[in-house]
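Take a look at these structures.
In the two complexes that follow, chain A is the common piece, with chain B as its partner first and chain C second.
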Partner chain A sequence: MTKQETLVTFQGVRKQYDDFVAVKTLDLEIGRGEFVAIMGPSGCGKTTTLRMLAGLESPTEGTITIGGKVMNDVPAHERDTPLVWQSLALFPFLNVQENVEFGLKMRGVPDFERQPRALMWLERMGLKGFEKRRIDQLSGGQRQRVALARSLVTEPEMLLLDEPLSALDAHLVIRMQGVLTKLQKELGITFVYVTHSQSEAFAMADRVVIMGQGEVAQIGAPRDIFRAPRNRFVAEFVGRNNIFTGLGREGRDIVVAADRISVTRDKPEGPAIKAEFLSEEFVGTAILCYFETPEGEELKAQVTEEQLEALGAEPGMAFWLGWAPEAAHEMEG
Partner chain B sequence: MKTRISLYPYVWRLPLLIWQGLFFVGPLVLMVAMSFWLVKNYRMEPDFILKNWDKMLSRGYFWDAYWITLWRASLAAVLASLIAFPASYTLAFRVSETTRRWAIFFLIVPFFTSYLVRAYAWQVLLAESGPINAILGFVGLGPLTMLNTGIGAMVGYMTLVLPLVVILQTFSLAAIDRNLIEAAWNLGARPRATLFRVIIPSARVGLIIGAVFAFILSYGDFVSPFYLGGSKPPTMSILIIDTTKSGQQWPRAAVVAIMMIVTLFTVAFAAVGAAYGRRK
Partner chain C sequence: MRLSDVLSRIYVLALFLFVFLPILTSVVFSFNSDRFPTVPLGHFTTHWYETAFSRPEVWTAFGNSLIVAVCAAALSTVLGFVTAYTDYRYGFRFKSAYLALALLPPTIPLVIMGLAMLAWLGRLGLSGTLPGIVIAHTVMGAPFAMAICRMRLQQMDPSLEAAAWNLGASPWRAMSAVVIPFTVPALISAFCLTAAVSFDEFIVAWFVSGLNKTVPVMILEILQGNVDPQINAIGTVVFLTSMTLVILAQLLILRRSAA
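And then the complex of A and B:
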């Protein structure tokens, strides 16, 4: 990732409703043309963060700037921050083309200019021939693309997406991920993508912001977050990780990814822990095996089908789970 | 086993069918038949004559009543919708859930007292020497003649329909997906554009149904035009009363009633068509 010009900054941003704090303190910079995913469990403040960017919520404290301009008091309709809603929020009383033209119409773009721009975007989204359809005559994937066209037709510098794929079927999610990444590369604009899904965030984003309880837990490239989670919260949220309590220096916790664990019957050299085999889960490209230590902690190891067969694992059998010292990452907290 | 026809759905439909047959279709058929009957020496005789229809529909006073009723009911529907909207909007978007619940409750309270009683109350308030004119006189206006005029009748119609229209509008506005409203802002719509391009189209069905109820209730009402509007010019319902009183002309009153029902059906169909029009 090359050094980018900053588009968005959050400085000490806090959002509080009566007695509920949605965002505690947020300091974050988002670059121009960057694909940032904000990820976290529900209630972590990720959607509130996105809504503050769109001007649908205003921060209680702190400053939000977009393109160097302080945005705190700029109302939503004066911002150029289109959002793709989880529910898509397409207007059911307008047809496909009217939906796409809406933003242009509101900005006073004349009719003769509106129409070709809307049609161009519909064609680009593979919706040619659907211009006059009603929204409820479209499939989920088609609606998704109408929502994208509606948001992008005004040629914004930044697109906000709030869990846009969570309502789609699994195979469509993968396809839409491809559509989104390609679109973002082609347009070169900033995407801020809120999701609770690790696979979506890791598949698409340049940088992932993990939030928990209204604070940023870690910011980094997907690989860094996966291999080197900063703390237990991130490690647990990212999944397919094994957390070993107190095995690091000064009793710190270490984390080892499931695909870096080797499973053997005999005690291997180097660090290893004995655990009982519980079950296996076929995850497409590999098999995820679950184990339990005598202390009751759950461990995961990713193996190939051949390896599993060679081990002849049956529930209740004990194995050694080992890892190379360099595969272990020591966490801060 | 499969040949046994379940009576279950038919049994449950029966009470409604009997009710509708006895109290709606039956009387309607009777009324249509009656409109062709003959009145002789103040007594009705079953017959098939076109005289009642001819007499009524060729009279200027019938058409005067027809148009004044249509006009007043339309005006009442428009006025009620416009007066109710700001209140409904506030209840739907600007107040808490609890406040809205209480407001709905208080909008139901007026129906506890007879509409006739409320019309009598307005007679006192609207009178030449009543409190409203006293206040107007205090600021150097009036006195205004409101009782026994179209204004009086309109006040009565509003008394009858406003609470219901507010309730219907509030429910339809409160049911709008908030994301649609936010999406409009997000796409650059100012509050005014949001209202006209997103909120009103989203609540269209409820808003039209509210107006239709206002129309139907005002159209058939006889209390307001009689006690507050001074029955001059007569509306269709007053015409029915007058016709039955003068010489037992039930068949001619039936003609008026049938004309009213036909008009209501036409308006209701047109309105429902407009409400759901583009969604078909």
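And then the complex of A and C:
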């Protein structure tokens, strides 16, 4: 945890619906001005966590505080925790400007004050000239920005985002990631971003919270989670790494990131494993090569195009996959 | 055009003729000078309209029908919306039973409904009064209104209302600022449709109307006396009224599913 002031705390929070436990136990602190991503597979409790923060669900046990105030029983409309919805949930019967003004109107901000604030945000989001458009006349990216403007117009301390980019095309996702990180830096407010996408979380967040089955599996900076996953669940979820069972001290599992594996024909010095080449996959600037050990375990190594060419790898050929001892991270349990 | 296209067009045309020819006939004879509906036709006249609408009881009946239709439509729409919203928003035990009950009235034979209403409203001292007919027609209209509102609410993004709360709207405020504006086309079309149902309804109205006759009840009374082309004239006006309401309702339904 950094030295920043804490804005949100979850203390022993549990959420249960009849027989189904959505969040088992959650202890989490979120700092002021922090960009936190909550990530995990579907059904891990990440969206429930966000909804509890917005007051759309109340915890079965435990306490949630925002700015030091216990929020458990504060209804959604008395909180200042705007949410950007996965579906965006823009009001189809209102035009762009009316959508943005909605939050101000509900808070009783007079008309003459609402309008300039809405227009300012629309301009800031690059939507000048679209004020009177209907929502169905906008592109996906424009709707996204209307949703952001609508949430930010009340100048909240914290913005909640629930998979806001999941409906966009790949190139727009990258652009919106840039827009969001820039916005968060400029405003200096807390962003709590829920996603199942590792690339989105790692690209934007200061800290990533990985959840699995209603519990926090690991909290850390993207780099730490990638290099030093705490357990097998996190390592597998993060991907692009190799888990070696029982190679650590006292038979613990170790993990080596794919880009820290060197592929050679001859047995190298230091730890190495022999495996058969399976296939290759272009991942932007590098190539991810897939191998299989005689025991049938899949291994991955990230190489450059030149390296792959020099190896002359064909499916079925055997290689040594080696790594520097310091590149290996020993996992708990 | 292929033969199958031609045939299917002819079939559709024939179907519409089959449905609308009887009504069309009555419209034609309402402007015909002959006393009996026979061909060849006599000359064009508005005489039957003039005589029909010079009778004060015709005006009273139209007045009654109008009051009843507007009140019953308003009540049906409110009830229908509230029921549909309950279904949309809440999950509860016996919900399917609740919905089945709410949609039940149209399946009850009208004669039974009329008799039951007569007995029930009689106990309440409302039989033979306009409020009595309004109650009966509301019972009949509400399920239609509910079905229309339900269709509209199903098109609503489930996050829309929560988004309003999230932006600081209290549950009541969210209802008036988001749910109702979203449902407005359905509310209007439900109002038009239930007004048309009430305006046309004869059997139940005949049981409960007593001296405060609505238009369909009055038509029967005139018919029982003798066959009179005035009926055609009155019928044409009734037909136009309810067709306008139904078309209005349909237009709203079509427009909202296009949006």
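As a working rule, the second predicted complex is superposed on the first by the 331 of 333 C-alpha atoms of A that agree within 3 Å, B and C clash if a C-alpha of one lies under 4 Å from a C-alpha of the other, contacts with A are read in each partner's own complex, and residues count from 1 in each chain.
Keep this in mind: a residue touches a chain if its C-beta (ideal position, glycine included) is under 8 Å from a C-beta of that chain, and two chains touch if they have at least 3 such contacts.
The structure displayed is predicted, hence computed values, not measured ones.
The superposed arrangement places chain B and chain C in clashing positions on chain A. When the two complexes are overlaid on their common chain A, residue A:21 makes contact with neither chain B nor chain C.
Of the two partner chains, chain B and chain C are each touched by A:107. Using the contact criterion defined above for the overlaid structures, shared-chain residue A:93 touches chain B and also reaches chain C. Judged by the touch definition given at the top, the superposed model places A:154 against both chain B and chain C. When the two complexes are superposed on chain A, the residues of chain A that touch both chain B and chain C are 54-56, 75-78, 81-83, 85, 87, 89, 91-93, 102-103, 106-107, 150-151, 154.
Interface of chain A with chain C (complex): residues 54-56, 75-78, 81-83, 85-87, 89, 91-94, 102-103, 105-107, 136, 150-151, 154.
Against chain A, in their complex, chain C makes its touches with residues 157, 159-160, 162-171, 173-174, 177-178, 181-182, 184, 259. Residues of chain A touching chain B in their complex: 54-56, 75-79, 81-83, 85, 87, 89-93, 102-103, 106-107, 134, 150-151, 154. Contacts from chain B toward chain A in the complex involve residues 177, 179-180, 182-191, 193-194, 197-198, 201-202, 204, 278-279.
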